[in-house]
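Some structures to go through are shown next.
Okay, so chain A shows up in both of these, paired with chain B first and chain C after.
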Partner chain A sequence: MEIPLNSVRRWLFTTNHKDVGILYFITSLYFLVVGGALAVLMRLQLMAPGLNILQSAPFNQAVTVHGLVMVLWFLSPLAFAFANYFVPLQIGARDLAFPRLNAMSYWFYLFGGLLAAIGFFTPGGAIDTGWTVYAPLNTAKYSPQLGVTLGGAGLLMLIASVTMSTVNFLVTIFRSRAPGMTLWRMPIYTWGILLTVFMMLFAFPSVAAGVIMLAADRLLGTLYFSSVEGGAILWDHLFWFFGHPEVYIVLVPGLVAIAEVLPVFARKPLYGKKILITALIIGSIMSFMVWAHHMFVTGIDPGFRKFMTITTETISIPFGVATLAFILTLVGASIRFTTPMLFALGGVALFIIGGITGVFNSSVALDYYLRGTYWIVAHFHYTLVGGATTGLIAALYYWWPKMTGRMFNEKLGKLHFIVYMIGFNLLYFPMHFLIDMPRRVFTYPAGMGWELPNMLATMGTIVFALSWLILFINLYQSLRKGEPAGNNPWGAWSLEWLVPSPPPRHNYDGQPVVKADGTITIQPIPANGGHHIHETHYSKWPLFISLGMFVTFLGVGLGLPVLLLGALILIGSIVGWAKEKFIAVEPAEGERWPFANVERVRLGVWTLLFGEVVLFGALIGSYIFVRINSATWPAPGEFLNPMEGAINTFILVTSSLTAILALAGAKSGNQGLLRGGLIATFILGFIFLFNKGREWSELFSHGITFSSGLPATTYYITTGAHGMHVAAGLAVLIYLIIHAFKGRITKENHAGLEGFDLYWHFVDIVWLFLFPLFYLI
Partner chain B sequence: MRVVHYVAVWVGLVILVALELVVFNAGLPPAQARAGIIGLASVAALLVAVFYQHLIREPRGVALLYIAGLLAALGLIIGMVVSLGVQAGLGSF
Partner chain C sequence: MTTALSPVTAQWQELFTLYLTIGTAVGSIVIALLIYNIIRYRHKPGSPEPADAPTPGKVPADRGTIGAALILTLIVTGILFTITLGTMETVDLIEKPPEKGTMVIKVHGFQWGWKFIYPNGLETVNEVRVPRDEVIIFAVTSDDVFHKFQLIEFKIGVDAIPGKVIWIWIKPADTGEYTIQCFELCGVGHAFMTGRLIVMEPSEFESWYKG
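== the complex of A and B ==
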């Protein structure tokens, strides 16, 4: 498929990383405007005591959608707009490892956002639970409206999008680096994205499990969050195990954007790059060990609280190191105060303030007073907006000339910076003085001493909003009549500045090679018989699959016909995807440590499975949690039959054997073994599901339904999630069987089968634990 | 790996699951029975990972990341249990 570059179809069907980057860029700014408009409305309402601009219900919706949109649909996606555009360029690759998957990540992200926002147009309005979606407020009893379900569906689509991106970026960074581009030589932005996707990989599955359980509660009537044994604390764990890493997931790209910009305009290398990277690695790991500092006031075990206080206080050290590296980069430098540099410097300053207030919060004693006040609002806006967003604005000005080929107006840029800093501080600094004013409440009484800070904050909001207008005007004018930028307007030295602005579709006319002394050359690609590499750059299926998913989720609210239509689109376009011949060339040579021998698809599946470990860990953890928290629990064998479970275990274990034999058949060229193995695997997997279905219907006929207590709830949902994995595996098996019988799975070409095998064995491993956990103990 | 090896692993898996049933029916004190059963299941899972998923042949990085995922999951589970209070944690499970 070839498509003219100036057509709309290009943008709908593109799979090129730079196009997708631009789509992310525009969409994230769109969501910024949505979230920003909601913020302006909230601040107008809070300008003075007792106003009536937004009443309680709309205010709750505004505060919720604002938080969700800003964190998940604006900030991270803006970082990934730059990641999409620049990570392949920075490592000398032609594209991401899985271009179609990348396009699909984008469409899932967009449609997920629409699902969450569509709630505003339903009776009862949009999701209004706060961005943390706390239990039991999130359950059908307290929030029956469709908007909450739609918000959950939107979240699920976003999580799917994030998962696809994670797999894609990890495989790309590990397998598509140019020769000489060792891990340590990678530019700092790419390093930051690498760490970010690692955090995403292990953090998002926890909230995914939470949202799945919540959906089950709301739609099927299970009892995870409406019971006291699960309830608020269970959700808190699942949410914040994701939530704290999430704040670093949005922070790290901002910090490394600053680290990318500072040295260029300080005209010296980044101070202590390896130390900075090490600090960020430690910070990323530790971000999984502090989550309960969001639960200090919930009555959890004091010893556990103490542990989390200590880890929280320790985690500020790596970020202190980062700040120090920035400052030492500046010492003795002859600085060029361009617009990107100003924003980078501003980002450092604001981040320091936010970090300091964070240390106060980590004291349990202080947090009893700070929790739920505007002090916290000030804290996280200084870090998320002051640090992360400001850093990304620096990146925006820095890379804009590369992305568009045009310069922006430097005077307007500086004006933007000044107005931005005044607006931001006027908006958020006064909130430090609202240390006793509760957040997320739509109004407040007069005479509490809260009037002045609130008035100032609202004035700051207007100034801050204006500053963004200046940015948009600048960008618009630059597109229309900006000076041509040339290859390297800033005199920077990473790879992306070697190519024209904007770069050609295939990035490099040759193979970039990095030498030991850091110099980069672009060598002509050895003419392989003289024919050009033929790559595919368009596919319509990413868009259609995402659309199918979107309509299916809408159907959950709108009824069966819509649901069926969605499922039809979904299945049809998955088949279309599977049948499409899509060529994404992997570089013939390059740096691949430490995954040199792990083929691309296999590494992708592995990556997915690492995340799945946490998904099932969260489901199993929830089961253990509610079980310990319950006064009574049926003895083993009381409502499930251990023998039935054991038989199914034997069946699934045997299907693992037949799957591995199929692979062995492919590898040795034994087509009989391959085909027989695949068919046997399918039959065994099918029998497993059939037995499960029988077991379920038997339980139902004995009156044990989703809502018959937590033993039933946890059993149905945990084994149900596993069963869905088996079903997905069977769908892939159908595809593989067709291919095998067409003779397309061979000694040389069995990457897909190998990926399937990994997945299937993982599903087996999960069952090896679910069987004893539910049937025997 | 050859076909006989795969079959041998499968035999091992079947035995391990059968042993779980033996322990289940042996009438041991609950704590010991649980430890034994989960231990057997863990060995079975390890067999699948090492020989069927070929961890034995993959670069060490793959195993490390697998373990990282496992540690994250275990950290979450342990944190959830501990937050209930140490006594509750030991008492009823």
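== the complex of A and C ==
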């Protein structure tokens, strides 16, 4: 499919990483405007005591959607706009490893945001539980409105988007680096994105499990969050195991954006690049060991809490080291005060303040009082707006000439910086003095001493909003009449600056190579190296699959016909995707440590399965959690038949063996073994599901439903999630069987089957945990 | 500092002041260092490029040493260690009410208000009366959703969670009226989920409590 570059279809069907990057860029700024408008409304309401601009219910919706949109639909996606555009360029690749998957990530992200925001137009309004969606306020009993369900659906689509991105970026960074582009030599922004996707891989499945359980509670009547055995604390664990790494997922790209920009305009190399990377690796790992600091005053175990206090205070060490590395970069420099540099320096200053107030919150003693106050609001806006957003604005100005081929107006840029800094500090600094005022109240009484800081903050909001307007005017003018940028207006070293602005669709007319002394050259691909590469750059299926998913989720609210229509679009476009011939070329050679021998698809499946481990870990962990908290629990065999479970276990394990046989057949070129093995695997998998279905219907006929207590709730949802995985495996099997009978799975070409085998074994292993947990203990 | 309302309040304020002092000092030094470097190393017309300035098409050489990293880490760690000790001490005080013979008042958060149940079965809503100079334990829970029971002037609060009871204590030093407010978003009535804590002279309290 070839499409003219100036058509609308190009943007709908593109799979090119730079086009997708621009889509992310525009969409994230759109969500910034949405979230920002909500913030302006809230601040107007809070300007003085007792105002009536935004009443309680709409205020709660505004505060919730503002939080969700800013963190998940603006900040991270803006970072990933740059990641999409520049990670392949910076490592010398032609595109991401899975371009179609990348396009689908984008569409899932967009439609997910629309699902969450569409709630404003439903009766009862948008989700209004706070961005943390605390239990049991999130259950149908206390928040029956459709908006909350839609918010959950939007979150699920976003989580799917993030998971696809994670797989894509990890495989790309590990498999598509140019020869000589070792890990240590990678530009710091790419490093930051690598760490960010690692954190995403482990963090998001936890909240995915939480949202799935919440959806089950709301739609099927299960009892995870309405029971006291699960309830508030279970949600807290699931949410914050995601939520705290998420803070670093948002922060790290902003910090590495600063680290990318500082050396260019300081005209000195980054101080201690390896130290900085090591610090960020330690910080990323530790980000999974601090989540309970959001639960210090929920009465959790004091020993566990002490551990979390120490880890929380310790995590400020790597980020403190990072900050000092930024400052030391300036020593001996010759600083050029361009707009991107001003924002990078401003970002460091604001992050220092946010980092220091964060240390206060790590203290359990102080947290007894600070939790839920405006002090916290001040703290995280200094880190996530002051640090992360300011850093990303530096990146925006830095890379804009590369993305558009045009310079922006430096004077307007500097004006933007001044107004931004004044507005920001006027907005957020006074909030430190609102240490006695609760968060998320739509109004407050006079006479508490809260009037002046609130008034200042609202004035700051107006100034801050204006500063963004200056940015947008500057960008618009630059597009219309900006000076041509040339290849490298800033004198930067990294690869993206060696090619024209904007870069050609395939990035490099040749193969970039980094020599031992660090010199980067672009070597022409030898003429005798065979044919010219013809990659595919368009596919309509990512958009249609995402649309199908969107309509299906809408159907949850609008009724069965819509749901069926969505399912139809979804299935049709998945088939279309599977049948489409799409060529994404992996470079013939390059730096692939440590995954030189792990083929692209296999590495992708491995990555995905790591996420799945966390998903099932969260589901099984929740089961154990509610079981430990329950006073009574049915004895083994009381409502599930261990014998039936054992038979099903045997069937599923056998299907793993037949899957191995099928792969052996493919590897040895034995087509009979391949086909027979695949069909046997399908039949066994099908019998497993059939037995499961029989078990369910039998339980239902005995009156044991989703809401018949926690044993039933956990059994249905955990094994149900597993069953869905088996069903998905069967769908892939149909595809593989068709391919096998067409003779397309061969000795040389069986990567897809290999990926399936890994997945199938994983699904079996999960069952080996579920069987004893539910049937025997 | 004026005399504190309650031992925990005093300790909290001392600890906060400690954090604030160290935080302000560290923040000022670091930001001063940043600004100093920015001014000292600004580009001046005619000044030459640093020898190791980034060159297009060349991976920059490494800069900085492991020794420097160690020093940086030690500085940050040392500061953190000091304040951690302070925090552990205060937690112990918050969580260990001093003596027996204290009054335990059950607190039930609900959408949208606070119910108080005294040892003698007396129930009040959105207003709780306690005697001065006595140790009062609040056993906090919730009847519906997640709330946070906060005594603003006393600088203490705790989550109110269905199915859980969490204790905090005060020993009010002064009579008067103080503010109770919910500090966790709990629905449309959240902003108005307030109450009053009234500290009375012990004798007045006795007659109120018995009457």
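Convention: the second predicted complex is superposed on the first by the 774 of 777 C-alpha atoms of A that agree within 3 Å, B and C clash if a C-alpha of one lies under 4 Å from a C-alpha of the other, contacts with A are read in each partner's own complex, and residues count from 1 in each chain.
Following the convention adopted for this analysis, a contact is a pair of C-beta atoms (placed from the backbone, for glycine too) under 8 Å apart; a residue touches a chain by one contact, two chains touch by 3 or more.
Note that this is a predicted model, so its numbers are computed, not measured.
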item	value
First (chain B), second (chain C), both or neither touched by A:I233	both
Partner chain in contact with A:P136 - chain B first, chain C second, else both or neither	second
Which of chain B and chain C A:L661 touches, first, second, both or neither	first
Superposed model, chain A: greater residue contact from chain B or chain C	C
Contacts of A:L560 with chain B and chain C, given as first, second, both or neither	neither
Partner chain(s) touched by A:F625 [first = chain B, second = chain C, both, neither]	first
First, second, both or neither for A:V297, with chain B first and chain C second	second
Touched partner set for A:F650, first chain B, second chain C, both or neither	first
Which superposed partner A:T323 touches (first chain B, second chain C, both, neither)	second
Which superposed partner A:S56 touches (first chain B, second chain C, both, neither)	second
Doubly contacted residues of chain A, that is, touched by chain B and again by chain C	233
Touching residues on chain B, where the partner in the complex is chain A	1-3, 6-7, 9-10, 13-14, 17, 20-21, 24, 30, 33-34, 37-38, 40-41, 44-45, 48-49, 52-53, 58-62, 65-66, 68-70, 72-77, 79-86, 88-89, 91-93
Residues of chain C that touch chain A when the two form their complex	11-12, 15-16, 19, 23, 26-27, 30-31, 33-34, 37-38, 41-44, 47-50, 52-66, 68-69, 72-73, 76-77, 80, 83-84, 86-91, 94-95, 111, 144-146, 148, 150, 152, 155-159, 161-166, 168, 179, 181-191
Chain B-facing residues of chain A, complex	201-202, 206, 233-234, 237, 241, 288-289, 291-292, 295, 300-301, 303-304, 594-598, 606-607, 609-614, 616-618, 620-622, 624-625, 627-630, 633, 636, 642, 646, 649-650, 653-654, 656-657, 659-661, 664, 757-758, 761-762, 764-765, 768-769, 771-773, 776-777
Residues of chain A defined as touching chain C within the complex	56-57, 60, 63, 129-130, 134-137, 142-143, 185, 228-229, 231-233, 263-264, 266-275, 278-279, 297-299, 302, 306, 309-310, 313-314, 316-317, 320-321, 323-325, 327-328, 330-337, 345, 348-349, 352-353, 356-357, 359-360, 363-366, 368-369, 371-373, 436, 438-444, 448, 488, 491-493, 497-498, 514, 518-521
